[in-house]
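Please read the structure below before turning to the comments.
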Amino acid sequence: MLGKAIDNVRTHTPLIHNITNYVTVNDVANVLLACGGSPIMADEPEDAAEITTICSGLNINIGTLNKRTIEAMFAAGHRAQELGHILVLDPVGAGASKLRTETALKLMQELKFDVIRGNMSEIKTLALGSGTTRGVDADVSDAVTEQNLSAAVSFVKDFARQADCIAAVTGAIDLVSDGETCYVIRNGRKEMGQVTGTGCQLSGIMAAFVAAHPDKLEAAAAAVACMGLAGEIAWSRMEEGDGNSTYRNRIIDAIYNMDSETLERGAKYEIR
Amino acid sequence: MLGKAIDNVRTHTPLIHNITNYVTVNDVANVLLACGGSPIMADEPEDAAEITTICSGLNINIGTLNKRTIEAMFAAGHRAQELGHILVLDPVGAGASKLRTETALKLMQELKFDVIRGNMSEIKTLALGSGTTRGVDADVSDAVTEQNLSAAVSFVKDFARQADCIAAVTGAIDLVSDGETCYVIRNGRKEMGQVTGTGCQLSGIMAAFVAAHPDKLEAAAAAVACMGLAGEIAWSRMEEGDGNSTYRNRIIDAIYNMDSETLERGAKYEIR
Amino acid sequence: MLGKAIDNVRTHTPLIHNITNYVTVNDVANVLLACGGSPIMADEPEDAAEITTICSGLNINIGTLNKRTIEAMFAAGHRAQELGHILVLDPVGAGASKLRTETALKLMQELKFDVIRGNMSEIKTLALGSGTTRGVDADVSDAVTEQNLSAAVSFVKDFARQADCIAAVTGAIDLVSDGETCYVIRNGRKEMGQVTGTGCQLSGIMAAFVAAHPDKLEAAAAAVACMGLAGEIAWSRMEEGDGNSTYRNRIIDAIYNMDSETLERGAKYEIR
């Protein structure tokens, strides 16, 4: 019953604090509004720790981290955790630099995240403690395919158990697991990779879904399916001459118009 | 004669220095270009103080303030004031954290703003010196309605007198007052609240309107009516499947196409 | 054979590190994806120096420089240069403040840029060591016209020789020279100036084109023609009521759909 999750977001309007990169922050704000949540951004350490108190969830994205914002991530993270808020980590570029890898690992040590969402290269880096991520996109060799799906499911389950969180590993096939159960989700389109920040947007709505819907694993799977389905709906509205900028708008528009029935009917997943 | 104000913006092309949040800054730049102004952004203190000298107006928005940008706000603010430039304050999230409330109050103490534009929760916080704003949106209990309109008008007039500025309090009904006269403006649509940054955009064009049009109160009212009317025009162009991302684009597009006659005819206001 | 350049971008997918302003960064990311490149942003000094190692090109844009990001520009710049990566400088607002002018000049002293791209006011500032740029747009007196074209070509050639780089000076007529040869490019539309960041976007794709295409001068000219042609194609798709926000989307869309044949056929240039 993934569809119910978006109803819960629209009913509860969770306020989500985002400490996120400045590349895609506007899209994160608009997609949170689109799904029924409410965004707020604050990344000065003392401000972040106070702003987070009035929120239901905290979305930490290290895409353009700097020393000040790293301090804000820890300050807000500790406060949010004390208050029992939902914590989401998006380890953008973990494996691509020492600062990113170490910051993500340190955040995982000090904080208990409800969900960690990344691509396979980033999550492998976190699992192994080091990595060789090529920028902010997954290595081709890390792609989840029908051929290596069983191994990938096992890996994601192991990572979720090890990190004591829900792991959401997104790519051509999306895997969402709490360590026991794994949703294998086949929504989305490859063209979403040509829009900057669809992953960041997913992490934003992930925080809203998990904050608003009681079953956290279902909520996380619903957020992933919702984003992928929005990519499909948006693509069906593309006209000749349209490109990735219009696609960006239409993806957010599709989430704005998403209802529980559409999500329920359109979500393509199996449980392993 | 609100319509004349946008003609003056298009004729004079005021250069507006924005120290604003990174969430909505791109939209602020594009909406300033759309209305006929010219945007520049600079938030390193020494750079900000120099860049502001070549401008006609300074728009300070505390939406993602940090210690460096706060220093830039004061440095640029003092310089702009010495030079007789238009100063606009957008106290985003005042009441939601101590840093935001105190920064906004200190800016008001040290600088004389021509216009302070915010939602009712933010302006109440500034009037009282403290507040309980829920994030960056107004509390429901602070909504201006036909029922509490008289009291709201009195409050906004009092605030404008007390702060010695034009107060522009925007929401379902917008109130713009210099302490004596109050424009009660009924343009806009509630769906504008589902687009991040329509308030920030308004503060940006507010600086351009007030810098370009001799009657400051009329200019401020014209900016508010222009933004609301653009929201109405944009909504009338929405097609099935469109959502808040397309609405964002169409609002800016509507300002790009706004002329004095359309603004004059479409502005819905009374003066109290 | 300018058309071949975009084929090379799509074939090689160069990863471009951008240290750029937060106003237009999202558009820079999307336009890099649109042309077939891959963007990454990092501006904390130690992170920037490491991230740049996995890239093919570095695009430095000083549009919202601050002390931290300036440090990152030098750290990443030196590393990128050691590794033989393509370096592009976009001196946004050089001439408008001492910090901008001095930072741009110091970057030119310490680093050898492959391409410097700016408007005529910015480039004159760099040539003279000081300037009076009005904000981020070129002074009207600096416009390149058919009347002053010969003098402008000579100036750009001289600057390119003096700075030992390819100079790309964009405006109503675009000039791209390596000091010997000058492409005079007549693509583009004046309405592109009403979209924030078309120059920043050009600098982003410039890095990708020059990193991917062996003939650097041809690559730089191709990037300029591609951006201008995209502006023309995008304008031809504008409908009644559309404005600069929709135009922004359509420009990026047009680059997404650009192929070598369209670019080859649509590029309007002569060589002087």
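Note that the chains take the letters A, B and C in the order they are written out, and that residue 1 is the start of every chain.
One rule holds for everything that comes next: a contact is a pair of C-beta atoms (placed from the backbone, for glycine too) under 8 Å apart; a residue touches a chain by one contact, two chains touch by 3 or more.
Since we're looking at a predicted model, the values are computed, not measured.
Asker: Using the definition of touching given at the top, classify the network of chains in this structure as line, ring, star, complete or other.
Answerer: Its topology is that of a complete graph.
Asker: Do chain A and chain C, two copies of one chain sequence, contact each other through the same residue numbers, with over half in common, or through different ones?
Answerer: different
Asker: Write the angle of the rotation needed to overlay chain A on chain B, where the fit uses Cα atoms and the result is rounded to the nearest 5°.
Answerer: Fitting chain A to chain B on C-alpha positions yields an angle of 120 degrees.
Asker: Centroid from C-alpha atoms only, then distance chain A to chain C, rounded to Å. What do you get?
Answerer: A distance of 33 Å separates the two centres.
Asker: For chain B, jot down the residues that touch at least 2 other chains.
Answerer: As it turns out, chain B has residues touching two or more other chains at 22, 26, 248-249.
Asker: Tell me, which parts of chain B touch chain C in their complex?
Answerer: 15, 22, 25-26, 29-30, 33-34, 38-44, 46-47, 50-51, 54-55, 68, 233, 237, 248-257
Asker: Applying the document's contact rule, which stretches of chain A touch chain C when the two form their complex?
Answerer: Going by the criterion above, the answer is residues 21-24, 26-27, 63-67, 93, 96-100, 134-137, 194-197, 241-246, 248-249.
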